[in-house]
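Pasting a structure here, questions to come.
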Amino acid sequence: MTGNTFGKILRVTTFGESHGPALGVVVDGVIPNIELSEADIQKDMDRRKPGQSSITTQRKEEDKVEILSGVFEGKTTGTPIGIIIRNKDYRSGDYSNIKDISRPGHADFTYQNKFGIRDYRGGGRASGRETAARVAAGAIARKILNSKGIDIKAYVKEVGRIRAESIDLDEIEKNIVRCPDRKVAEMMIKKIHEVSADKDSIGGIVEVIVKGCPPGFGEPVFDKLDAMIAHALMSIGAVKAVEIGSGIACSGMRGSESNDQIVSGKFISNNAGGILGGISSGQDIIARVTVKPTPSIARKQQTIDTSGKEADIIIEGRHDPCICPRIVPVVEAMIALVILDALMMQEARKDG
Amino acid sequence: MTGNTFGKILRVTTFGESHGPALGVVVDGVIPNIELSEADIQKDMDRRKPGQSSITTQRKEEDKVEILSGVFEGKTTGTPIGIIIRNKDYRSGDYSNIKDISRPGHADFTYQNKFGIRDYRGGGRASGRETAARVAAGAIARKILNSKGIDIKAYVKEVGRIRAESIDLDEIEKNIVRCPDRKVAEMMIKKIHEVSADKDSIGGIVEVIVKGCPPGFGEPVFDKLDAMIAHALMSIGAVKAVEIGSGIACSGMRGSESNDQIVSGKFISNNAGGILGGISSGQDIIARVTVKPTPSIARKQQTIDTSGKEADIIIEGRHDPCICPRIVPVVEAMIALVILDALMMQEARKDG
Amino acid sequence: MTGNTFGKILRVTTFGESHGPALGVVVDGVIPNIELSEADIQKDMDRRKPGQSSITTQRKEEDKVEILSGVFEGKTTGTPIGIIIRNKDYRSGDYSNIKDISRPGHADFTYQNKFGIRDYRGGGRASGRETAARVAAGAIARKILNSKGIDIKAYVKEVGRIRAESIDLDEIEKNIVRCPDRKVAEMMIKKIHEVSADKDSIGGIVEVIVKGCPPGFGEPVFDKLDAMIAHALMSIGAVKAVEIGSGIACSGMRGSESNDQIVSGKFISNNAGGILGGISSGQDIIARVTVKPTPSIARKQQTIDTSGKEADIIIEGRHDPCICPRIVPVVEAMIALVILDALMMQEARKDG
Amino acid sequence: MTGNTFGKILRVTTFGESHGPALGVVVDGVIPNIELSEADIQKDMDRRKPGQSSITTQRKEEDKVEILSGVFEGKTTGTPIGIIIRNKDYRSGDYSNIKDISRPGHADFTYQNKFGIRDYRGGGRASGRETAARVAAGAIARKILNSKGIDIKAYVKEVGRIRAESIDLDEIEKNIVRCPDRKVAEMMIKKIHEVSADKDSIGGIVEVIVKGCPPGFGEPVFDKLDAMIAHALMSIGAVKAVEIGSGIACSGMRGSESNDQIVSGKFISNNAGGILGGISSGQDIIARVTVKPTPSIARKQQTIDTSGKEADIIIEGRHDPCICPRIVPVVEAMIALVILDALMMQEARKDG
């Protein structure tokens, strides 16, 4: 209820602060007798970890996962899987200048107002670093989904106004910006370097596609599959919009255009994004998130301190000029959790 | 868990089909000793009900609420408020032509796949009619929020490509399309009549603004206030995108532009839409939904029947050519449920 | 969260006051395509309803159920089943003498303290009448369980110090006290008549046995099957103790005695009551509740009124001198909800 | 949902196996700005840990807690508190003889049936060792409750048929059996030594009393305070019965005897155990659990192995001949979690 747990049957609870001793996650409800090792999880962790390329923050963290429970002799037992990720490079001395100041675009002001106290080191619990725990959980879900023929791929569709023109899923992991269009990837990387040199940051769009999801997943009426996806994706810190299928473009459409007709047994379009009435239709599920520019920038900004007094701030240090490439595995993780949970709900009711 | 309940402390459970005997809702967790009558609820029901103007469906329903419990001598008792709304004009004879056919853009296909059975009369549970129950619940939440100085207003911002240029909240209920820009409202109404005459439908955008919400509402990390809003709004059948604050526009922004700086004690912009790190900041909360064109159109469309055989369908009858004006009170209701629930969560933890 | 909903996947929400317009229940998560009629439910309602014999209250209620949703053409659709039961014989004029007085053993005092307001008519929400809604939900669960070979039977094991010596399940519904021992039943009935003539009431013990439950139901560690049973049964108003298997007798036992050994492939005893480590073992599940004497008695008792002033009260009217026979179907209903929910959880995880 | 989380607003999730790397717990929803250190928690851990006296198992574990999150500069921050307890003395070589055998009275048989796999080392997740994580969480809840004047004390009331005759709360921690009656404590200890020498074990009764709980806690109708207590206490592995107030004795009472009348502003008895209609009345809350004899005994017992074949087993090694003294802090922990959660629910609704 207090917001650190996600899911119905597959229940994921994360804990940990950016500069505390460790991040952690408990994944409850995992199907027993699945082969699982730390290596299975580490793969995705490495795609999210800082310092992986010239366009990410240079903070150095291995993000090494340690499984504490729920796996025995290499297999899941059906009991909760507890995982921790120790923080290494936390340089705790750095924070005196931001201790009392609300950084623009960050949660400092609101955490202080909500709790009357906050761990000011690197954003504490509100740091994007929390998503490491999500990726660990998502890696477990993805492995199970893959074994059932369900595949999830996210990629960077837009950086600034630069948009991928073609979608080649095999291209994604071949460039550091995780764009499925090789040519556009280069333009995006160039753009990010420029923005970074300009002590600024830039937003973008990440798209995710789920292949192989059978029809029937999702719970009407409040927990429609698209509602759960929207919840999951909007819970990622930097996300400011979630679209399903044609999304925002539907505003300008007519019904005769947006309805996906079926001809010769096949949907001839996918404006719905694979979800009708909140339930998967068997088409590819397509969702998109708009990611705001990283709020940490090395320019002078005006704000207030904890006492309400005016203050200026320049945020030096190690930050991602565009967070999109590192959000890709987080989006995949959140979608995996939603889809596997929906699958389990459907099993429960169908065969009940 | 099975999707017909929304909220954590304020728990709303709806039931009922479009052409069954009644719709209903149970609102659990309502603060005791609040004055409440059926008239308080009916006001909002009348804004959502069919047949209210020339641009809505002509189905005739009074949508009269009956309170069955939880109110005693004119006041809430803290026990669950059960409400039913009897269906009147359901013309059950009409449905032989759609009984076995999956209407494009509707949930027929997916409900059939999920449950192996469906109430085909008017979409059954998947009908927009279900939202009547949400509006009843939302009216209770809004009354309580109003008493605390929190005010929620939604309006139609766009129909097709026609967009409101000014926002005058007092204008909204003065025109049948619920647009806050009187001049643009006329253009929108004209557009809807044209589309309707063309046996087609059209999409649009509804925006909602919450004034007076104090800082501190929302639960990090998965149940951020914006994540709950996205969940709530995406659970409305026709919604295909949810934006918070500057939303999708953030993709093209730089951090120096999107960060809301504070000067002389005030935020000088509101790109965040009143939410930072998933917690309300005290600024106006702003969200937007993109609404797809009503899928029921009187043109011939290609689809399949329950047995998978190809079929044509023309959906005659009474349908909204643009559902936006009637979604306005539904959006307000869902937002009211999210905000009041967040308020109660915050009380629980703060004073615990 | 606010206590009027029970279950994880099979979610039951009740509403309604003893002397309000109606009681109601929403049963969400019911497996689709199950044949279900009001008659299926009415059967169990009639076993709980008042006025059924000389040893129950003489309040006259038909407790006629009306299904409002979730059933279409005689079958469940997988959408929530809404049911209401209109109150008829509520004689609202009777309550002036208890309006401001806290009846000993009743919830008047605590509801007033919790909510600052209470519906004083017949105990309002705290009335045993609320259990009618539970029995309606339970009847649906029992029908589904029966189709899977799981059978639930409760009976009155003790009234006062009079205890059934033999357990003949076929005898239960043949006597008005629902005792499985015909001879002892007569003694119990005589006892209840005596107590009633004496303007007093008496407690007892109800036992329930579940046959045919396969091994593997129940969720470790907090939601063990016995923990869920204890929760479910203790939530019935008059219950003051819950035992599983040998229950309280275990205190005097040695391990060599209480352990259920397996000889020739069979458990040779059932001290565990069919549950080991919180998970069903395949043996009969056995639970027992101790029921306190009905607090409404026609003797003068000392108490206070709402203002805290001393007051005497004599509770005239129609009350059960021993509530055990009418609690029997309520116990069965609650157990059915627990078992079916556990079954669905197990399906979700096993086949996930 | 999958059973490893307890509570509504205060959410406690445990993980870990008896002989895995560590046990852990995440406590979400803790009120911010409370002073909290590892020492606050360790105090209760030491009362539960093995090897503390001659009547407990001689397994040596320090049960040292490490706080990983949610506490900053000595104060809670309102974010989830993650705690781990490393296992030290797990002697993993010991288990070849029980690897495939279902120990009588243990969860081996049912875990194997539920999950198709089990961690056989020391009972894995089903081990009483899991309660260490609960005690850590409970210690936090107790500290908060104490600051509000609510005090929880549990003690051993009965071992075998030997029952405490007087209740001196100051006596409890002065003897190793945690009995509030000094004289009877000696008899209990003697009894436990006898039973142990006889290669057997013995059951008992633990009682808990909550002082200072204000009226109004508990959520009708399913989540009554006594229902939550029953759930919480029955979820402790060895517990086979839960009583509230006079509990099982109510069966033999009359209403005129069991009703707690109020004279001169005070309840003159407490048969209700401080709970009326599921809501606290302001009297002492009293609950009792019956604890079965430890199933691990060094006598030959008959059972089956994983393949269903008959097998004999003698469980050598380190086991508690009577688990009651070590269950005392676990009972306190579970009660503390229930009461604090109820307090927060009441705050949410009252001031909402």
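For clarity, chains are labelled A, B, C and D in written order, and residue numbers in each chain start from 1.
Note that a residue touches a chain if its C-beta (ideal position, glycine included) is under 8 Å from a C-beta of that chain, and two chains touch if they have at least 3 such contacts.
This one's a predicted model, so the numbers in the text were calculated from it and none came from an experiment.
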- Message: Measuring between Cα centroids, which chain is at the maximum distance from subunit B?
- Response: D
- A student comparing A-B to B-D should find more C-beta pairs in contact for A-B
- Task: Round to the nearest whole Å and give the separation of the Cα centres of subunit A and subunit B.
- Result: 26
- Go ahead and note the Å separation of the Cα centroids belonging to subunit A and subunit D. 38
- Item | Rounded Å distance between subunit B and subunit D, as computed from the means of their C-alpha atoms | 46
- Expected list for subunit B, residues touching two or more other chains, is 1-5, 8-10, 14, 29, 32, 78-79, 114, 125, 220, 345, 349
- Task: Using the touch rule from the top, collect the residues of subunit A that touch subunit C in their complex.
- Result: 1, 9-10, 29, 31-32, 78-79, 144, 220, 340, 343-345, 347-352
- Footprint of subunit C on subunit B - complex, ascending: 1-5, 8-11, 13-17, 20-24, 26, 28-29, 32-33, 66, 68-70, 72, 75-82, 84, 114-119, 124-125
- Which residues, counting only subunit A, touch subunit B once they are in their complex? 1-6, 8-9, 14, 102, 104-107, 109-111, 113-114, 125-126, 130, 158, 160-161, 195, 200-205, 215-224, 226-235, 237, 240-265, 271-273, 275-282, 290-297, 299, 301-304, 308, 310, 345-346, 349
